[in-house]
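As written, the chains take the letters A, B, C and D, and residue 1 is the first residue of each chain.
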Amino acid sequence: MKKKHEMKVLSVETIAKETIEMKLYQPEVSKQTVPGQFLHLLVPGFTLRRPISIAKVDKQEGTITILFKVVGGGTKSLAAYQPGMTVDALGPNGNGFSIDDVPEGGRVLLIGGGIGVPPIYHLAKRLSEKNVELVAVLGFQSKDYVFYEDAFKEIAETYVVTNDGSYGHQGFVTHVFPEVGAFDQYFSCGPLPMLRAVTTELKDTAGKVSLEERMGCGVGACMACVLPTVDNSYKKICSDGPVFSAQEVIL
Amino acid sequence: MNLEVKLPGLALKNPIMPASGCFGFGKEYSEFYDLSRLGAIIMKAATQFERFGNPTPRVAETSSGMLNAIGLQNPGVERIIANEVPRLAEYDTSIIANVAGSSLEEYIFVTKAFNETNDVNALELNISCPNVKEGGIQFGTDPEMAKKVTAAVKEASNLPVYVKLSPNVTNIAEMAKAVEEAGADGLSMINTLTGMKLHLPTGKPLIANQTGGLSGAAIKPIAIRMIYEVRQQVSIPIIGMGGITTAEDALEFLQAGADAVAVGTANFQNPFACVDIIDALPETLIKYQYTSVQDVIDRRSAVV
Amino acid sequence: MNLEVKLPGLALKNPIMPASGCFGFGKEYSEFYDLSRLGAIIMKAATQFERFGNPTPRVAETSSGMLNAIGLQNPGVERIIANEVPRLAEYDTSIIANVAGSSLEEYIFVTKAFNETNDVNALELNISCPNVKEGGIQFGTDPEMAKKVTAAVKEASNLPVYVKLSPNVTNIAEMAKAVEEAGADGLSMINTLTGMKLHLPTGKPLIANQTGGLSGAAIKPIAIRMIYEVRQQVSIPIIGMGGITTAEDALEFLQAGADAVAVGTANFQNPFACVDIIDALPETLIKYQYTSVQDVIDRRSAVV
Amino acid sequence: MKKKHEMKVLSVETIAKETIEMKLYQPEVSKQTVPGQFLHLLVPGFTLRRPISIAKVDKQEGTITILFKVVGGGTKSLAAYQPGMTVDALGPNGNGFSIDDVPEGGRVLLIGGGIGVPPIYHLAKRLSEKNVELVAVLGFQSKDYVFYEDAFKEIAETYVVTNDGSYGHQGFVTHVFPEVGAFDQYFSCGPLPMLRAVTTELKDTAGKVSLEERMGCGVGACMACVLPTVDNSYKKICSDGPVFSAQEVIL
């Protein structure tokens, strides 16, 4: 049976502009989680839970790290949490990135945009344990928003792109694709316009994308978060996703 | 503590059930707890054919509430009967089918289909879904139309029919009386209130369908008022809903005039909402000096 | 930043005013800030004679809202004109008088009285007060009655008339069109939704009047939907209200179709609510790329 | 001009069953307050403010102490406040007990019931500075609820009554009136049934009572908290009261 978890907050840190890293203690969940899954967090005073991806887990410590951008009331409220407080969370929710079909010794392109970078980091860590060569392209609005560059550099050939050119390459993530060389497969998470550009650019390559939609239940019951699929059907982002084959869905 | 209530077609072990559309067909929540604990389950709306519903975004949060415009997405009544009902029938609980449609014919089709199953205990006639353009809403706001569809559905089936009323009307008691006259076995109220939220950066509605149905704690005072008002004027049982989150809320609905209650939006915040309420109900009844759920109903009748 | 808006009879320095009944006659809030900062002030409802209102309790809290059943307590129009209007006239702001009544005659009496003063800039015709037994609410829910009282009040006065609509109707646009046809200069919407809360220990309504009017953030999605809907169908200006608490809320109302807004319940939580909103409005408009309040109104018209 | 105050919480203590004593720091308000006035507290997540009487002030320290009973969501939430947090308060609101007409050397009866005891304590302190003889009758549900008995004993001849007789005298406050001797005037605060009994019993004595009603604005603007008066008019508890002459109002 699934559970609701009271997760203890271990730390809350602002690691880039409007970007909070929060470390939570919950050994059970840290053991079950695969990259790309999310927690569904209850923020007191708000009707709906907030979906936030898991950015990394430490099974030894029994911890889970999430990263979020302060955009509205819910994330603002979460950002004000103090260590020692607890967060009511459901999860790990969603399917996560399946990496079974990534061959040993293969070369994989990872593309993260903004607050879509954290789940890609989780995935990178897992892939790096698997002896695959990783190339990461990370896009941010501007210099102030950049995070996790060093962490990526440890495990991947890393390109940072900023929209305004204030750091790294200037432009969109797709602008550096010509430089990254050949790869077998790609994984991407980020804002919809980025995913559209990425999937169009890479339409002949096998790829997986992680998507977002406004959610009601977060468990697959309410049909709030559906996405049309190419076979004229639909998928639920919260339970069939958030990760989909780029070929399967219509963005 | 005895939590049982008996309603037409429904011998409920407790008065708590998930509201239509907020619990799918139970599958997802069956991973959180044993569905046999529920008084009944109201399934997601069924239409004649599969429906894909509205474009996204389909939900938006509001103060103490939410808007939704799912648009009756469902696999169609036949697949519901084939795939969902048998699975739910494994549980020791009653099954209520929510019947939707955009025409009289569609309502009748869906009703007949459920009538032929053995596992559905009652119908909830959804004449009040505000999120479909055709049909739906007129049936729910015009007493003559409501009468017509109620009578047609009654005739098409042997199952008890609970008509689900829309709160988007000037006179809710008039609607209730109309469907009672047309033969409804019970009422289910309230459905959502039509609302809207704008996306400030564009100045346009946040929900793709423009309007959505407002549910959650925000609407509880309106639900209580309407149930109280209707209870004075009709005698058929009422399944009450609208913002129920706690056992105290459930008690308030029973006191106001409901005979059982449904929990909708609260499931999203707390997937254990229904069982948490069932667990807390005995102590809540004791706190307010009631000896059973039926006692609340009996003592209320004395008051009204 | 230019926050001005021009409405019939009202040249407002900003679009923010306290809502009727939530600000008395301004006296108490004048101890918190200079009332000249307000776009306008809508006074508490006035009736022909003094009214003592309903028994207490008159208010109850709900999730993100409150119920009230004050029952139009007021000293009567003559004492309002003698004691309250002159004091308010000292401030550099517009004065809107809220006209209530239980009969056509009473509405006309009150209207004529205000018409004879020099300091009242406009009338808000309250055809929607849900908390008085006689009259009031029928005027607000029946388009023919609404037309009648609007026409009568228009005839009795030279002041611009803003008709305050009740949300407790099936079809708000129909009500709006009716009063527009009858000559209303503007609309004011929405008044409160009829609601109820029970006192669990007794199972009886908490508010002495049984039902009360629901206001506050809980009702904002309903207000936005109704204003949006009405804006598509009538062209007279709208003073929007219902749950406004922040400058972003005010902007949402303007985007939806309001030309100015009123702040009610929020004053109780924060006595500085109106001026806090006025202070935050320029930065809020800038954030969403507007150059003035009029710009919001103009660009919305292009969309609608 | 009136202000909204951010008051710093200095301490929060449970001093009797369901009864919390909270000390707040706000020098300005501590200087202005007279006994019987109240604060109107904003509790995040609730629409309406909560009126809570001021139980004592310390002008030197710049502090205000309030006492409240945990009855519903608002008071429960307040009870969970930690020192260092701030409370948004309006006040001091209301008229308070006027003690100008209490003659030097007079004898005064103070009657407090339950959570009505705190404002009576504030009044007792003020009266004790004035050289009047004080008799206090304090009523509580049962032993567990008793508080401030010792504090009263320092300044007043004190009788404690519990409804169930588990402490002090058994019964209602009015039961000990025959024992307290003569007095010139009385002041009372407590639940309505108690005030009704007290004012009936003492109808020939000058007295002041402090009343409660559900409030909207708390400042006199909304007409939520009215009370009929003997001259066929009404008063607002939040601004004309909460203290009224016992002869003036209809309970």
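Throughout what follows, contacts are C-beta pairs under 8 Å (C-beta built on N, C-alpha and C of every residue); 3 or more make two chains touch, one makes a residue touch a chain.
Here the structure is a predicted model, which is why all the values come from computation and not from measurement.
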Which chains make contact with chain A and with chain B at once? none
What whole-number Å value describes the gap between the mean CA coordinates of chain C and chain D? 36
Using mean CA coordinates as chain centres, what's the gap between chain B and chain C in Å? 34
Let me have the rounded angstrom distance from the C-alpha centre of chain A over to the C-alpha centre of chain C, please. 47
Multi-partner residues in chain B (2 or more other chains touched) are 62, 64-65, 216-217
Residue list for chain D, restricted to those that touch at least two other chains: none
Based on which chains touch which, is the overall arrangement a line, ring, star, complete graph, or other? ring
Touch relationships between chains, expressed as pairs: A-B, A-D, B-C, C-D
Okay, in this complex, where on chain B does chain C touch? 62-65, 67, 141, 168-170, 193-198, 200-201, 203-205, 210-212, 214, 216-222, 224-225, 228, 243, 248, 251-252, 255-256, 288, 296, 299-300, 303
Which bits of chain B are touching chain A when the two form their complex? 21-24, 27-29, 31-33, 44, 52-53, 56-62, 64-66, 68, 70, 73, 216-217, 265, 267-272
Can you list the chain A residues touching chain D in their complex? 44-45
Considering only the defined contacts, which chain D positions touch chain C in the complex? 1-4, 42, 46-49, 90, 213-228, 234, 239
